[in-house]
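Here the chain labels run A, B, C and D in written order, and each chain numbers its own residues starting at 1.
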């Protein structure tokens, strides 16, 4: 397996040249565009890795899966889905248009920015501090890593330059889709995006969803079976921005990407996968990361279809 | 003339029943939906009025014409039109969609909310206070009425409930169309909308534009000929929200409406007209006010076409 | 199993009252809105059925999966996907808008009307007659039913009233996405929609896709593994119109619906399912059919996620 | 006056280098991109010209004004405007999108292609032949030129390559906005676009609208005052495609352009103007033609605002 992974990394390294690291905030621009790493943890708790699997990066949109899980654990599902839809949008992740043309005014799904702002607004807690602590505690628990923390510099940059997300949030507030203080909700949203992880963390979380919410080591049920299944389903239909359809065809694994360069994949009943490659394609997905997962899916026959 | 006006008011009063007063803020809801008034000041400075011409109301979107004039007087025109377009949008006044789909990212024109937020951002002044004072001074000068002031309750309501405008402003900021502090720009925007006027004020301002910027009484040039012409042109192509085309066909007079119920009309070389009727049609225009102007245009042959 | 199916039919019958049969052509309006039937064929070739499983209906959009398979067998995949995309559209099945706003001009995916017109245009044959015969032969082969034929009355109605599809086709022609005679392509498209099937036919075809293209009885490879997988993937991401996301969450089975009331479902490695219920929800899916599949998925644990 | 015109032509000739002749059909591509001509006929029937004013070209979209006039003369206005709107669209002339998103399904206005297809469908006549003859007779009458005829080669090219217009027409048919045979309506539409004129013809027609429908020479009322006014109003709000707003600001004269390079302008109570310059800007308007009208408007003070 280590050979296989090393090989796949080597073969796909060249694709890092065809993309670009995210540039909307300076901190992300500092990433090394040639970095490429992978970690797999299988259902027997074997761990395999290759390349820059230890490099830390901010989780960015991968967090949308986890916040969705929290929102579904904190609220009635019918309430959650009265505020955010279940459909792929066909539009870029930061599109505002559908919010305006759709009669329901609710974001298409929880994997686009507007939808994740909604699920963030549904995290329980009496204060922003409490919500933040609950969120961090949950990330640490499901990644089984108590060292996970927020990258302060990235968080501050996100906050400073987040006017497009701010625009969405005010529109959602105006339409009654989110309630409460917009800047507080955005603060939690920017913090969630700025959580620092590595490939091992993502593989561990991916495995938990793959194993339907039961901790493989302790047998503890951490997330319900239904919530685990829902999250994986959203990963397939909307996880790779407006390239989700193509990813499903070519790879066929539930996965969620972030502009930090991370991809978390979750192969039902089989394994969790964490990939890191900050060089992004035009849709915002790790350009070499997708290629790695495509090769892996073919060689290990991981497609769910 | 007084007979004519009284008659037109009487004949069109019934239309006030077919509309509704603006309801997005409580203060506007308190308007008496049956109010209907008109004032005309002609090029020989004769003043004629009928109905509720003395009732005060907030100027709302009618102010967009005046702020445009200020922005054009405060800046190079090429700079202004690098930030806001000259085209009718075909969309409702508070639409966000075109900001996203249009490659230029700039609002279609200065008569829709997004465009007026841009022109507001172009008003000169070192502090918000200074900008506000310059703005108020200009309104007072062109209306020749030193008592003009901001309705504080309406202003505070606008500010409290203005999340849709806030969303637009943050999107404009994100796209580099406006610079500076968003909340400060919005503050000036909400204040401009909350300026209290009556039909006489609107007729006086309309006359100034009709007279190409020269004060009819003193002969003073207050606004340049070109700016006056531009403002009237925008009134024709975009002044009545997405009913501007129909208004041009049926009435044919440069005019700008506001959801407070006011309409300012400006008949080139002939007269300024102020109308008040807070009962609005679905597009946000004074429902009886439009009918009054239609009758007036036919009887006095005021169409510019 | 028969008990289970009978029970599920009985329990969900009531939902037929909450929908409506398709009305855009008279022939579809004649369907009995209370009809409800199901047929399952499992990987051991056991066949189970309940309700109105023998009723005939036109296949309508279910055919899009089969035409896609043919197009992929008749052409280079890269050529096919240069003409039609892989992404869910987020819009209704007969939307034209995205054709205009999307830079590529190609339809989002082969499961919406515009996309299926494209795949239809890619069916090989020197004459329309030959294409039609190849198409019918393929449908008969994969359904293992030589009696399958076109419902002439429905076909003629489709052709007569198909101006929206005609509009799409001419736009695709204009943009160079389809080549050749538009009316001829549409003729084949309308014919494919008018093929008459029953639940057994759909279950048989669904089983073929579930079994990765190998005939369960003869062991013959009819469709390649990759094409079978692709078709199932499109069924998940785009198979239930703009309710595909919700169906994936609630049911989690590759499925394709048609406005004739049919749904073909394909559970990888397990079974093919044919459902018939002409009472449709607002998105155009069999309203009780979806409920049946939801119950079935839960009770037999069929979700792929 | 001749000096003035010659001068303006000379000064603006250079702009012909910055545009391109229409290329969607070969016949239009053959135009000489440097051609530039103008003809003015004033209210005292004085005729002035300069440059290539005698060159013949196809009228293209300028015909939309005349077909609108015919539709308004052939039908109740309320019926006409139940089928086509009065609002600028903010979109390119051949946009389909608004037809889909607008609830009314009717084209925004009669100056865009979709709207002109509607007005064409409203021309009276028992046969296509009769409609065509009535149309030609009307063009000849208002241009006072019996030699006006259809350019057969352009007409055939339009018909052959008109799939985008065909798409619009089928969508309009599908939505019940137009009735009757689509290809017949399109035939009349393509013929109207292919009528050959020169600058004198356009100046003559422009003068008729400027003079409120009364023939300046004979005193005959050819078009009603109200129809003349309506046509001029549409010319201002929608006559120069999605550059109408800018043209109104910079020129301020009712005008309608065509991709053949012609512009017909109509200065109320003063003059008709015909301009020809086949080099087009990106919006489809004669690039030097607009400049000529801008200079002319300033020097002769022709703006209506």
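The criterion applied here is as follows: contacts are C-beta pairs under 8 Å (C-beta built on N, C-alpha and C of every residue); 3 or more make two chains touch, one makes a residue touch a chain.
Quick caveat, the model's predicted, so the values are computed rather than measured.
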| item | value |
| --- | --- |
| Superposing rotation of chain C relative to chain D, computed on C-alpha atoms, to nearest 5° | 180 |
| Between chain B and chain A, distance of the C-alpha-averaged centres to the nearest whole Å | 47 |
| Centroid distance [mean C-alpha coordinates] between chain C and chain A, Å | 32 |
| Centroid spacing, where centroids are CA-atom means, of chain B and chain C in whole angstrom | 54 |
| Residues of chain C engaged with two or more neighbouring chains | 101 |
| Touching pairs among all chains present in the structure | A-B, A-C, B-D, C-D |
| Of all residues in chain D, those that touch chain B in their complex | 85-91, 98, 108-109, 229-230, 232-234, 236-238, 242-246, 248-249, 252, 254, 268, 303-305 |
| Parts of chain C lying in touch with chain D, wherever the complex brings them together | 95-97, 99-101, 163-164, 166-171, 173-174, 182 |
